[in-house]
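Sharing a structure, written as structure tokens. Questions coming.
Letters A, B, C, D, E and F mark the chains in the order given here, with residues in each chain numbered from 1 onward.
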Amino acid sequence: MIPASICSVMHPPKVRCEMPQAPMRIKVINPNTTVSMTDKIGAVARSVASSGVEIITCNPESGPAAIEGHYDEAVGTVGLLDEICKGETEGIDGYVIACFGDPGLLAARELAKGPVLGIAEAAMHAASFISTGFSIVTTLGRTRVIAQRLVHNYGMTPFCRKVRAIDLPVLSLETPDARAAILQECRLALEEDHCGAIILGCGGMADLSAQLSQELGVPVIEGVSVAVKLVEVLVSLGLKTSKVGDLAYPTCKSD
Amino acid sequence: MIPASICSVMHPPKVRCEMPQAPMRIKVINPNTTVSMTDKIGAVARSVASSGVEIITCNPESGPAAIEGHYDEAVGTVGLLDEICKGETEGIDGYVIACFGDPGLLAARELAKGPVLGIAEAAMHAASFISTGFSIVTTLGRTRVIAQRLVHNYGMTPFCRKVRAIDLPVLSLETPDARAAILQECRLALEEDHCGAIILGCGGMADLSAQLSQELGVPVIEGVSVAVKLVEVLVSLGLKTSKVGDLAYPTCKSD
Amino acid sequence: MIPASICSVMHPPKVRCEMPQAPMRIKVINPNTTVSMTDKIGAVARSVASSGVEIITCNPESGPAAIEGHYDEAVGTVGLLDEICKGETEGIDGYVIACFGDPGLLAARELAKGPVLGIAEAAMHAASFISTGFSIVTTLGRTRVIAQRLVHNYGMTPFCRKVRAIDLPVLSLETPDARAAILQECRLALEEDHCGAIILGCGGMADLSAQLSQELGVPVIEGVSVAVKLVEVLVSLGLKTSKVGDLAYPTCKSD
Amino acid sequence: MIPASICSVMHPPKVRCEMPQAPMRIKVINPNTTVSMTDKIGAVARSVASSGVEIITCNPESGPAAIEGHYDEAVGTVGLLDEICKGETEGIDGYVIACFGDPGLLAARELAKGPVLGIAEAAMHAASFISTGFSIVTTLGRTRVIAQRLVHNYGMTPFCRKVRAIDLPVLSLETPDARAAILQECRLALEEDHCGAIILGCGGMADLSAQLSQELGVPVIEGVSVAVKLVEVLVSLGLKTSKVGDLAYPTCKSD
Amino acid sequence: MIPASICSVMHPPKVRCEMPQAPMRIKVINPNTTVSMTDKIGAVARSVASSGVEIITCNPESGPAAIEGHYDEAVGTVGLLDEICKGETEGIDGYVIACFGDPGLLAARELAKGPVLGIAEAAMHAASFISTGFSIVTTLGRTRVIAQRLVHNYGMTPFCRKVRAIDLPVLSLETPDARAAILQECRLALEEDHCGAIILGCGGMADLSAQLSQELGVPVIEGVSVAVKLVEVLVSLGLKTSKVGDLAYPTCKSD
Amino acid sequence: MIPASICSVMHPPKVRCEMPQAPMRIKVINPNTTVSMTDKIGAVARSVASSGVEIITCNPESGPAAIEGHYDEAVGTVGLLDEICKGETEGIDGYVIACFGDPGLLAARELAKGPVLGIAEAAMHAASFISTGFSIVTTLGRTRVIAQRLVHNYGMTPFCRKVRAIDLPVLSLETPDARAAILQECRLALEEDHCGAIILGCGGMADLSAQLSQELGVPVIEGVSVAVKLVEVLVSLGLKTSKVGDLAYPTCKSD
């Protein structure tokens, strides 16, 4: 069943203020329901936001506790889109989807006037600016295909050397074992993949990039910080989601 | 908000009967809420089903009346997955997603023990068996990108000559104008695209293929009938969705 | 020298009956001359054919005893096309080319009014319906390139994880060593390739899929059964080879 | 039925002379049976051959009078391979397949010790050396797909702007109308395709390149002359067909 | 002959300060010698730079007055790299290559410690964030291939609908005719290409995006402003050019 | 700073002799400054040149002693283009760029009336004629990306199995250790890559192909000899660089 709050978005509000209000407001949405992960993501986002930029973080009230497959993504997308809808009535300037599968990205762009970025998208594009090849280290092996489809969809195939998995679930990322496994997999990537940068393939790894980067001597990129900054850039340049073509607001079917 | 009925699926039932029951039962799900379209799709499905195959049709109670974009797909997917969940408790042997965007296809495959086919997928594969190039005629231009992504995802790029749109909404397909526009666009496809077959790019066109095929002298393929038959084939051969890899049942996060 | 029986096909018979006769007749052609292989293929084909479908099997009288390279394919194609020609005068409704290289597929489609499927083609498409990645296990390493070209031609590149070879000739497939080698290679595929399904890359392996599937716990697909069922589907839906474009009947050059 | 002369090739002659005899001998095989076309091709080949290179031309005694589709190719390939077999016993150093579809190319390479080139292959590679984009002008529209597959197989996709057809049969190429149609299509290619070179897509156009090149002011390339010269190059450098991998001599199945 | 100033760079300075100095300093290099274009580019760059970011602009003293081909790029690259070398001794934090062909991008990255972005690269990535398809409008038709290669190298093929040229030289861009031609070509792109955004394909068009965007109702993106902001982002996140792999400092060959 | 000698080329000489002079003159340019390497390359070139063909060899006076990265390529390109300019006034008929990265290839083609070939380009095309897959063995790992981009640009992706590096610098190639490392890497390529031919990925390896080919039993191809012969072919056929499109002479910006 589709909650009424979402259906209402299908008739987008008529009145919109054209000028971004001071301060710029960016909503960072964790599409799973694990509040500790939302908090971690929020801390990373706030640590990089420019002064004068307000970071609003949230997660859906119900839905998957972690997103580890296609079904989780589909269910998490509903909560995510609900938050985008709310954001549009709250004067949000831009959005970040803080889950490495970038679930609901194009649907979110249909709803939003401003820019929407996924953290996988942001991380991959940034990696392509500072290296000629990156590897991705993600959690469960079953999400490998999801990452590979994103690589393709974003045109990053020539840059992505390999998608690697530590085969541990998202919610175990806080354990020392998981951290050791990530470090180990990163080392393997550098030895075997001929890559010059590493992307952390899960929103729950957002706090690890600085330390790993120092230990490994190569850029280790997590997408939350990059996505926040890219949204800042697009908003500051007045670059909004194009409403010509398939990202136009959803069609109204009735009433 | 995620309905409880869906969440329960995240803990897949332990006991499953291994042998398909007689008769084979195929559930054809229209992910939009327009009952007349469900009926039309059902009629086509039943007209081609083998004897001894029961066709169950349904559509979500709420959601978009037509699926004409990424947001519609995301919302319609929730209702669709709900129907898959129900189907798994009803002993369904296989499923058809009866919307040309094949929304939620991989998520549905995670949930289902048996095969799941999308009608776009089915139509494209069939077209590649009987021609070396096809064109797709769809409804609104904004859905063109969706079709093109499917073409890519299914590996059909070498076969797809062009995706064409008549620029009329899904719910207008019953009008004579729409039918004339479809015929006209098909003629253009044959003249300009060097294609040998045409695919009708909307579940709501399912009843038009026979007549158009006769008028145009080339195979005109709609996906509902093909998808039903392909599901029959897979079920009869015992080919179920692989539960090794990323189509395994969704992970259980808690309790 | 081209046998007269083939040349005559270049002037396709004028009168063709439009309605498929009861029963549906599908000709399964083994393009090599090894009768025991034809028999094995026939047994598999008949075991899956719907009631009311007659399976006719055959192989050329002369030509290669096994098809293990480009030259074998070219020579085997002549005998194959001869059988298609005969089939067109015998009222055959559809054809299966029962050799994993799918030799002569497009030439056969030019000759045939009804659908023609190759077993590699059939297996790959089916695998893409029930997994997001498959590996192929074939016989001699030298045929690997042939399989890879088919993968590409059918658009299956995003789905094919790897083409593997056991490096044993086709005609040794009946030996216990060969069976052990196939099982071993399948296990390696599952461990190393992140695949969810396995395709058996030789018509001579057609009888192994059920047992391997059970031992390995993933779908193991052989193409003969799938191809027979797909031809059934296309015939039952009235989907014939498009005669517009490059699959039109061969041109008549003289007389 | 396979002629005995071909079957014997499956057991390649044991004794082969290692050193190319003086003079170098290149066999140019027209795989169709139209002698006037063989003569025209031979004249072009001889006009470019280096002194000390003997050009042997031939065509099969039976088979299609022109190659205008997949079936024609399959049948013509048999005669072609027969000529390669004969050539291997005659001490031929290299071969040219003088038909724009390059039928039987890989099979021929399996049989031959020395290099084998197709005229489409030769023309496309040469065009990529002197322009960043070429268009192909061929005969019947139905052969367009064949040319496009070659473009792909040879990796020429980034260079090929368009495959164009004059929609006239191969055997009409001598008529003034055909020549006018070719010139007209070349002009269209230059105006619309942003190409810097044009490839003539039929062995029967081999005598037209010089005049068209002068009229159009861009390189107009036909493959016979290029292929002959490329075979000369490979032979003179001692570069023979690799017998490691899938181009090794055909396997012997019995006796 | 290679000027001594460049050769010295092959032995990169030993001492480098690790912390970005306040203020951040970004060098925007116009690789052609036309000072008025450098000024225009500088004005755009400064208009978008964050407070606390110093923009340094420059162009080589000698070299091509405009970059309109591969040779112009090769020659302009030398002057560009000279400016990067100087920048490395001046404590520059990041660079923008302000020419739409992004000449010398990877060579510049080898020399630079911080990030280097090209304006074509920046524009394309930004366009992919706010639309699912863009067209490029550039100057001379002969530069079309250059843009297309960039599209490919950056993985933007799925997003780029078409590269269009107004067929006027770079140095004529100030004329009213050129402006009219650009507007006209943008309109054609929207009508024919199904694109949602337009990229201006020349550094000399940097001042036109705002007005065109307003006239056309879609995002019109020029790369200078985007590249400056992206460099700001990378510098602020501490993301420097990876020195592991092929972007490591140039090797020292002697002394 | 751009030397005057180069700038003058931007105004290409008006008078050009249309007919190739006897003898044909091919200039083989080593873009690095190591004379011993130029000599080695020249010896190889002369050993394969046809009688009546004069080989002129040269290298820039200043620039990198070896080309081992993007920056080296950019700097070496300037000297290379200078030599092309000189060649155009000296009546050179065609050019070879004797460095495996093929630096400046398209810029050189803009300047030259006759054909220009790179040795990587030549080697890859030749390898595709005599095998269905090759591996490349190059020097430093950091040049791997350069080779891979060439593979892509020339459309050789379907043929290139792997790019391998021995991780030794170009200038160490004369040592016994380097030769052993090359042989070892070639053996690995044959064992692991399923390749049928090997390409030596450095101009400095030009003298090794014959011996390696004999030791390994597969074609081992170096590009200098092939490129010289291909230029001979193009010149003898009158196939010059197309001056229509993006390889036209550089535009004149002023005076």
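Just so it is clear, contacts are C-beta pairs under 8 Å (C-beta built on N, C-alpha and C of every residue); 3 or more make two chains touch, one makes a residue touch a chain.
Remember, predicted model here, so these are calculated numbers, not experimental data.
Enquirer: Moving step by step between touching chains, how few steps can get you from chain B to chain F?
Expert: Minimum number of steps from chain B to chain F: 2.
Enquirer: Name, by label, each chain that touches both members of the pair chain D and chain F.
Expert: C, E
Enquirer: Would you identify the chain whose Cα-based centre sits farthest away from the centre of chain F?
Expert: Max centre-to-centre separation from chain F belongs to B.
Enquirer: Average the CA atoms of each chain to get its centre, and name the chain whose centre is farthest from that of chain D.
Expert: The most distant chain relative to chain D turns out to be A.
Enquirer: Rounded to the nearest whole Å, what is the centre-to-centre distance of chain A and chain C, using the mean of the C-alpha atoms as each centre?
Expert: So the centre of chain A lies 45 Å away from the centre of chain C.
Enquirer: Distance from the CA centroid of chain B to that of chain C, rounded to the nearest Å?
Expert: 27
Enquirer: So which bits of chain A are touching at least two other chains?
Expert: Residues 106, 109, 132-133, 141, 144-145, 152-153, 158, 194, 245-247.
Enquirer: Which label fits the chain touch graph of this model best, line, ring, star, complete or other?
Expert: The chain contacts form none of line, ring, star or complete graph.
Enquirer: What is the complete set of touching chain pairs?
Expert: Between chains, contact exists in these pairs: A-B, A-C, A-E, A-F, B-C, B-D, B-E, C-D, C-F, D-E, D-F, E-F.
Enquirer: Which residues of chain C touch chain F in their complex?
Expert: 141, 144-145, 152
Enquirer: Provide the residue numbers of chain E that touch chain A in the complex, in ascending order.
Expert: 48, 50, 106, 109, 115, 117, 121, 125-126, 128-133, 153-159, 190, 194-197, 210, 213, 217-219, 221, 225-226, 229-230, 232-234, 236-242, 244-247
Enquirer: How about chain D: which of its residues touch chain E in the complex?
Expert: 132-133, 158, 194
Enquirer: For chain F, which residues count as touching chain E in their complex?
Expert: Within the complex, chain F contacts chain E at residues 1-3, 5-7, 9-10, 60-66, 68-75, 77-79, 81-82, 104, 106-107, 109-111, 140-146, 149, 152-153, 169, 171, 245-248, 250-251, 253-254.
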